[in-house]
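After this come two complexes, each holding subunit A, first together with subunit B and then together with subunit C.
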Partner chain A sequence: MKLAVFVSDYRMTVDTLDRLSPEKMGIILVQNGVYHATLKENGTPSSILNKSAEFYALKEDLETRGLDTSMVDSKVKVITLGELVDLMFNDYEKTAWI
Partner chain B sequence: MGKLTIGCFASLVGSLNLDFAVKLSAAAIEKGHTVDLWVSGNGTMLSIKDQRPFKDYSHLEKPLKELMAKGLTVTACEACAEARGYNKDVTMEGFKRHSMDWYLASTFDADRVLHIGGE
Partner chain C sequence: MATTKLGFIVQRPPYKSENPKLALTHAIATQSVEVYLNEGDMVTADIAFIGDGVLNCKKDQKAMDYYGLTSTDQHIKMALLVDINIWVCKEDLEKFGLSEDDLVLDAEEFGADMTVNVVPYSEISKKMEEMNHLLFF
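The block that comes next holds the complex of A and B.
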């Protein structure tokens, strides 16, 4: 199964993700979840970025928080809402929201 | 093109889930998809008409009306709304009210489903 997981918050211990093992996983960072793409703690990026998944961050939510795309980790692709819709319909079958 | 069903169980003040659900609906409609939006719990506040737009404050009535004119179907959980005193008199025109089976039925013939919130 191809699963798109929407991460909408910046809680460090996102153990729900640890219990997910789809054939293909896309982690889509939205709302405060975009901080996982930019913040480092003691120089270390968010542990979410260690998952084996494709990573995306919503451009609009980065901009709302004053986060420039240059600050985004190289593993993460910055997408618009239109591109998000395409991802949902073309690249993934199921969704989850955490 | 396909059908997207979004269920939104927005949380308390400060949650941007409803805003996200409406924006995603707009993006999907713009791409030519059909969208059903279901709101439950505190998300039913979306159905209340005549909310006042304040600067820097989430105000979704206007974009919602525009989306409904473009074919968005939006439905509130009747029980959740009534439990909060949101009765028919204060409900926005075009905003449907049903029990949860409407949402389930919508998900059954959707191509994609996104269930938001419930924190």
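The block that comes next holds the complex of A and C.
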């Protein structure tokens, strides 16, 4: 299964993401999830970025929060809403919002 | 004659919930309650951003450009304009690798005299003790 997972929170209260093991996983950081792409708490990047997945962060949600795309971790690709739609239709079979 | 001091403590990041904006708008609204008070009575409001709440103070937010929303940094500027004290926890800011340069610090363009104060948590804690009521958002 090719699964796109939307992460919309910075503080995760569920461990569902750890339990998912699709053949291909894309983690799409949206809303407050974009902080995973930019913040380094005590100098350490978010543990989400250690997962085996492709990472994307929504440009609109980064800039809404005053986060410059230059702050984004090199593992994460910054995409627009239009590119997100293409990604969902072309690269993944299912989506999940956690 | 008495002054009631309200302390608004913001501990959540912006936008995912309404909480941080509610803290700001409620604090700003305290400026208009005088009509309901006895002569000589006053209500003051101070706002402290701690924990993930410090992320509300990031400058250059573009919520209006993308979502048609007044950004949280604009609300902070409005709070400064009505002379509300705003404190930001220095330790929590540094934990995220951010500095004062990353924050909205004043509202000079609107003619505000007040500025955002980045202070150690110990100072915020002292201010909290001075308050009559604490409201956590």
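Keep in mind that, in the parts below, the second predicted complex is superposed on the first by the 95 of 98 C-alpha atoms of A that agree within 3 Å, B and C clash if a C-alpha of one lies under 4 Å from a C-alpha of the other, contacts with A are read in each partner's own complex, and residues count from 1 in each chain.
Definition applied: a residue touches a chain if its C-beta (ideal position, glycine included) is under 8 Å from a C-beta of that chain, and two chains touch if they have at least 3 such contacts.
If you're wondering where the values come from, they're calculated on a predicted model, not measured in any experiment.
Peer 1: Please work out whether A:Glu60 is in contact with subunit B alone, subunit C alone, both, or neither, and reply first, second, both or neither.
Peer 2: both
Peer 1: Considering only the touch criterion stated at the top, classify A:Phe89 as touching first (subunit B), second (subunit C), both, or neither.
Peer 2: In the superposition, A:Phe89 contacts subunit B only.
Peer 1: Is A:Thr16 contacted by the first partner subunit B, the second partner subunit C, both or neither?
Peer 2: Neither subunit B nor subunit C is touched by A:Thr16.
Peer 1: By the touch definition at the top of the document, which applies to A:Tyr35: first (subunit B), second (subunit C), both, or neither?
Peer 2: Once the two structures are laid over each other on A, A:Tyr35 reaches subunit C alone.
Peer 1: For A:Ser8, select first, second, both or neither according to whether it touches subunit B, subunit C, the two together, or no partner.
Peer 2: Both partners, subunit B and subunit C.
Peer 1: Determine, under the contact definition given at the top, whether A:Trp97 touches first (subunit B), second (subunit C), both, or neither.
Peer 2: first
Peer 1: A:Gly43 contacts which: subunit B (first), subunit C (second), both, neither?
Peer 2: second
Peer 1: Pick out the shared contact residues on subunit A: the ones touching subunit B in one complex and subunit C in the other.
Peer 2: 8, 31, 60
Peer 1: Hey, which residues of subunit A end up touching subunit B in the complex?
Peer 2: 6, 8, 30-31, 60, 80-82, 84-86, 88-89, 93-95, 97
Peer 1: Any idea which subunit B residues touch subunit A in the complex?
Peer 2: Per the touch definition, subunit B meets subunit A at residues 2, 4, 16-17, 20, 23-24, 26-28, 30-31, 33, 111-117.
Peer 1: Quick one: which bits of subunit C touch subunit A in the complex? Just the residue numbers, please.
Peer 2: Touch residues, subunit C against subunit A: 13-16, 52, 55, 58-63, 65-67, 71, 73, 95-97, 102.
Peer 1: How about subunit A: which of its residues touch subunit C in the complex?
Peer 2: It is residues 8-11, 31-32, 35, 39-43, 60-61, 63-68 of subunit A that touch subunit C.
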